[in-house]
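The same chain A turns up in both complexes below, where it pairs with chain B and then with chain C.
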Partner chain A sequence: MSGRIGLVAGMLGVGLLLIVARLVHLTVVQGDTLAQRAARQHRHRETVTPQRGAIVDRNGRRLAFSVGAESLYVHPAKLPTDVEDMIPALAQHLSLPAQQVDAILHSSKPFVWLKRGVFPQEASQIKALRVSGLDSKSTQRRVYPYRTLAAPLLGFVNVDAKGLEGVEKAYNHYLLGPVSHTLGERDGRQRAILIRGGGQQPETFRVRLTLDTTLQYVAERELNRAVQHSRAAAGSVIILDPQTFAILALAQVPAFDPNMPGYFPPDTRRNRVISDYYEPGSTLKALLVAAALDTGQVSETDPIFCEHGAYRVGRHTIHDVHPYGELSVDRVLTKSSNIGAAKIGQLLGKERYYDYLRAFGLGQKTGVDLPGEINGNLPSLRAWSRIKLVTVSFGQGVAVTPLQLACAYAALANDGMLMRPYVVSDVVTRTGEVVHANGPTPLRQVIQPETARRIRTLLEHVVEPGGTGRRAHIQGFRVAGKTGTSQKSDPRGGYSETGRIASFIGMVPAEQPRLVILAVIDEPQTATYGGTVAAPVFQAIARQALTYLGVAGSAGEGVDIQWAARPPVSPAPPSAESAFSSEAYDAGGDGSSADRSEVDDFIGLSLRAAMRKASANGLRVVAHGSGYVTGQRVRNKAQTGEAVYELRLEADW
Partner chain B sequence: MRKLPGWGKYGVLAAVGLALVLSHLWIRLQVVSAGYALADTRQLINALQEEHHTLTIEWEAATAPSHLSQLAGDRLGLSVPRPEQIIILP
Partner chain C sequence: MKMLDARLSGLFTDARTAQPLQCGPVDSWLLGAVLLLLLSGELFVLNTTYFYAFDRFDDAYLFVRKHNLALVIGCLGCLVALALPSTVFRTLAYPALIGAFVSLCLVLLPGFSHGNVQRWLSFGGLNFQPSEFAKGAVVLYLAYALAKKADRLHSFVYGLLPSLLVVGCVVALIALEPDLGGAVFISLLLAAVLFAAGARGRHLAVLAGVGLLCLSYGVLSAEYRTDRFLTFLDQSADLQGEGYQLDQSRLAFGAGGVSGVGLGESRQKMFYLPEAHTDFIFAVIGEETGLWGTTGIVLLFGLFGARGLRVAAYHPTQFGRLLAFGCTFFIVCQAGINMAVVIGLLPITGLPLPFVSYGGSALVSSLFCTGMLLRLSREVQLGEEAHA
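What follows is the complex of A and B.
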């Protein structure tokens, strides 16, 4: 009996030993390998892409921020055989062409992205189809809720949330947060058991711009209207605070939607305000006169003989649009005389003029905190021949970026002090701690404060009746500004016969400028002069901006008899007996276009364009003069009562 | 004090060992249970974040100057005031 017991005990003991030996083998010999295999099966480590920081405007409005998204991918080899039937549904839910979906599903690669950055609702619709071999990965998507608003300034990101243009690129290192990981396990039913780490990491930094969304919207709306109205190729607007050089708005047409940058041509994604240059034309005359006044070479009342419209310099002849005899320096600027400017340039001398232009920031980057800025083109002094000095005096043969010119005028508005422009106010953490800040950065005193005040007074005359910029006048405010019209260069050499750039740059209120606004219209078709095409853009933007900012009107400018005397075009047209005087015309100079509809607004059009528009809308038109429409009124025929539009045309500046 | 019989000591040791094993199991189950709860909470947080993002997009779109301008014009017949209509109080 005891022998049997011993036998059984022995067998059990051997069995136990075998089990122990196996346990030792599994845990000691194969332990590490098996542990790793087990971890691979149920441990789950996930890299969490940091949430890219938001970009907000000066009032905290979110212009760009990131949201959670899914990137869908497929393993074509693991797809079910009946996947063909699902192609239409997949294509519909993902807004992709069926052919593209078909090509992805039949790819020979083991792994193919189906669509990246899909919104969760969209992804859940796809997952509901329960297609084996189709899975998703958590990611994020950049959202620009205002779509095209300020797009060239904001820039955009690629599918990996890396900034490619604009503020997104310049401040990418701040906007990208630190990468984190989550560690968890999966049970038999693939349910997650979290061990360590959280979900989507909140943004680390937030970038706050100097931009004001409302001003930006106003700038874009008015620029769009002007570009459409003049059938121009493009346009841009800058609004700058001259006391700090903070950029308040930066608009351009055509624009793009950064939510889908790939759908727009690369040309529209370029920030023209800093990466394109153009010849500033007459807008440069203010810098010339400022330099001449600052050095004491001329004073406002000095007479300049303007050669009755033609001035010979070596083999070249300089012309004025309108011939003038003797003009004071003040009137040279008001009438925008090229010959007068050429003679002031000669009085100043090329060395001093060049030094002043450099001091105003021409030919060098402004240092704005945006990528892609160019230097412009200010020829070196060695290249300044006699004729070069003359042409640069009226803004030809030199090229500036719109931002360079805006900064130069902002220096005039800021009592001669040039500063570095900036678009990002600060970078803050979630708790509000400022980790990076920009502010007013003085660069140099270009001209004396007294000279700056004198040039502002001269520029006010440009905007008064009789000046080239009278359409920039704003009732109740003193405005200082300058028109500019320049020829575009021809790729074949020389200047284009038809391509023009019309511009206006001004500051308001002139006595203590709060805003510097530059409007540039590229290749307008209906009219080409800065005073006709660009000055109304300045006026419309400035008027709304001043109201929005609550800027009080200038003393003594509360009632403007010249402009207030204008009769309304509609609904009470003047009688047939009304005197045919210039005062009876609606000159459209102070934003009164609100009184006219798009259909019967002829201001700024050439005669041919006005006739074409009238014919298209069935309106009777009588034209007086030649050039461009600078005034219009409606008369009713005594016999029939039929409305006749009388247009006053002038050979413009 | 009565001494435990010989097997009694082993019984106590076994009981203690069993208690330790059961405690470990209980703690492990609690960890797993907490892991499930954490995972569920994380899902909830993600869902709420998504909802917040969606509402943020809607809010920004609804308060966009272009949208407000259109509403003001279309529904209320408002427009940009003419200069003489503006009175800026000191």
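What follows is the complex of A and C.
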């Protein structure tokens, strides 16, 4: 037996020796190759971004910032069998529909996001449920405490904290901060272990806007009120500092909430002030007259024959709403005569007019530091026929972005110097070091300073009693501005029958403007005139802005002590804390101004519409003039005591 | 202890000599090898289960506690075996065999098993693997049966057939679980003990032929086994599927190199290498302690084999010799197969590394066999050793 045992012992010995030989082969001969492969599969490299920088307004108020958050995910295959019972709890904690949670938990994929960017408190509630197969990854979430305020300018970010629109996109590089890499290892389930470096770094850069939150709030509130009142489709407002071309406010309606951009149509998320164009209409006449004055072709008092309301140019006839005989250049602007403008355009000549329009920045990007800006549409000189020169003279056949027009007027306000507009004043580090700064960037002297002063005087007349823009008048200040009403171009070509754009652009104080404000109301329903619909928006915003900024009233005008003493507005926007509460911050008005309109407000109506409304409500009216109702007053007849509404009708165009 | 031994020796004396067996000191080389292997097991079970248990059950020491419970039970069994004279082991042969049969049948019944394959029985939270218990029972039974029929072993029908039928049934039950690796290993154990007992070469050759036929059928009848076998033949193929585990195992040895990455520093155990705490624990030893560590483990099993076979050669009784041989072969051959699998010399079989792998049933079974072997080593006398 011991012989056989010896044999078995020998066999076992040989077997063990073979094992040792193979071990030597694996570790010594193949060792390096295998070790390298192993190291490669263990290596883990992850990009780490610091907390995304905040966007603050010019006073340091945080309009956008990031907070730590968790992204919850599930491995559906690893969920427990009784996960069905947890669906209602999960859906409730995450405020998701139960069906959606159900679908995620039953996904056939190995990895599904349950909800990304969940606040830590919410995430800890979910983790307390202790569902195996449900885990989270730390991330960050963007918070816009003022919700819709300045949303199109701020833009928004996607779930990966990448800026997609607005300042978030334009300054993504700074907001993102320096990207670093962690070097570590990962386990067989791709989870990072033994990380060196990394961890959530605080924000590196902070982007400071030229925007003023209070002005922005005022602009949005007044715009909203006007859009609601006139039942318009949309609207926008720009407030520009003409001395620097810094954008102080940029409002548009309808608005969106960048905290949840996915819930809003893409059209509302666009910054229409730079990505939409419209025909400026009569507001362009100021640039025409400025060019004509600058070249010396005309002077303020030169008479222009206005053909009594109908002027034939080739096969076309152009009309004024009110027929005029002879008007001075000054009055052409005040009365906004199309024929007068056409005549001035012809005096100036298309080459010079075109050059001036180019110099004012039409047909090219303003260069504002925001993404998505378009060129507008200034037809090339070759395309300027005789009639084209005539129509462009009163703002038809040319299209501008609201910002382009605001900049052109800001050049008038800034003694003829056009600059590049900007929304970001600087980018600073946490220690206050400025790493990027924008400032006034002069582009060119478009017109002589003297011409600019002269045109401002002309534009002041527009706002005076009798001018189309008198509703923009602010007691105690010299206001210069121009109304505009234009037909919307039809997507199918030509002009829309009903769609109008009412606008007003003005500057104040006229002697040395501090503010240029453009208000554009898109498709107002109750009235269509810029002087009726848009000028009051300008007036309301400018009045409050001047008070807020503490701008002294103009000499020779009675300063309204009431405003200067106690600001009627300065509505401090809701604080960051209250914005988190369920009460949505609503930039809209209180609606009180709309009450009166229901029965006896005729402002903005055509004569026919006014008559129809009067008879429907059993009111007596007396109409003066033609065009659209721009003023009304009630008089009681001495004999009967019956109320009579006196309407003043005017044409604006 | 001496008195107890003497009294027990008086009760159970060797059937043929009718003389009480003299009892000397335990084989310290054997004991030392076992203790060092148990220590490695403790170290590497902790090492390989720590993260897994924490990740899966939020309790890093869950597996270690279970392992230690089995260790305590196994050591108690070992001590009991050490205290009993080898003549007592004979009386355990049939009860153990019957127990093995019952548990192997139970595990196949629906409702008793635990897990996808029917390999475990559950008793109040403790899982018990009948096939591991059966290995020990078969060793004991073969030693008993073949010692009894020592003079009839030349006859196939009278000498071999009863043992063949009994062990064949055990093998068949294990193969049905299915646990082909376990079945093959018990067949190998049977062949080895038959060979050591003195069965005719002709008979063994025929048996080997039948065994190979059964094995080929077993491999070809299930797709995953065929895949494993093909993967073994071409180890560079299919690194994502069947070959993944083996590839990860090789990477562990490669990463460890000659000197190892250091205790506790294994990366491959972090969910790269499947079954890192059970069948593939040797790979983690290779990664952490390098060639020195793995060679040390091989040498410890070599020492165990040499000392165990020495007992098998010099024990005064035929039963003792066969039992010592069976126990030694059980441990060393299983260890050899496990290590050969992990380094890619044999196809994947599912055998644990005795004393080291996590797995309570195997540990208890191994420790009880070791206890019997240690007892037998005490009964080997220098004088007899000299003249045998």
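By our rule, the second predicted complex is superposed on the first by the 488 of 653 C-alpha atoms of A that agree within 3 Å, B and C clash if a C-alpha of one lies under 4 Å from a C-alpha of the other, contacts with A are read in each partner's own complex, and residues count from 1 in each chain.
By definition in this document, a contact is a pair of C-beta atoms (placed from the backbone, for glycine too) under 8 Å apart; a residue touches a chain by one contact, two chains touch by 3 or more.
Owing to the predicted nature of the structure, the values given are computational and were not obtained by experimental measurement.
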Practice task
In the overlay, answer first, second, both or neither for which of chain B and chain C A:L381 touches.
Solution key: neither
Problem - Partner chain in contact with A:G184 - chain B first, chain C second, else both or neither - result: first
Exercise for the section: Check whether A:V435 is in contact with chain B, with chain C, with both or with neither, and answer first, second, both or neither. Expected result: neither
Exercise for the section: Tell me which partner A:I19 touches in the superposition: chain B (first), chain C (second), both or neither. Expected result: second
Practice task
May I ask you to decide whether A:T27 touches chain B, chain C, both, or neither, giving the answer as first, second, both or neither?
Solution key: second
Exercise for the section: Using the touch definition from the top, say if A:R543 reaches chain B (first), chain C (second), both or neither. Expected result: first
Practice task
Check whether A:Q41 is in contact with chain B, with chain C, with both or with neither, and answer first, second, both or neither.
Solution key: second
Practice task
Go through the superposed model and pick first if A:A77 touches only chain B, second if only chain C, both, or neither.
Solution key: neither
Practice task
Would you check which partner chain A:P145 touches, where first means chain B only, second means chain C only, and both and neither mean what they say?
Solution key: first
Handout entry: Footprint overlap on chain A, where chain B in one structure and chain C in the other make contact
Key = 185, 193
Practice task
Enumerate the contact residues on chain B facing chain A in the complex.
Solution key: 32, 35-36, 38-39, 42, 45-46, 49-50, 53-54, 56-57, 60-61, 63-66, 69, 79-84, 86, 88, 90
Handout entry: In the complex, chain C residues that touch chain A
Key = 51, 192, 195-198, 250-258, 267-268, 270-273, 286, 290-291, 294-295, 298, 301-302, 305-306, 309, 312-313, 321, 325, 329, 332-333, 336, 339-340, 343-345, 388
Completion exercise
As the complex stands, chain A meets chain C at residues 1-2, 4-6, 8-9, 12-13, 15-16, 18-20, 22-24, 26-28, 30-35, 37-39, 41-42, 185, 187-189, 193
Handout entry: List of chain A residues in touch with chain B within their complex
Key = 61-62, 65, 67-68, 120, 143, 145-146, 149, 184-185, 191-195, 198-200, 213-214, 217-218, 221, 474-476, 543-544, 547, 550-553, 564, 590-592, 594
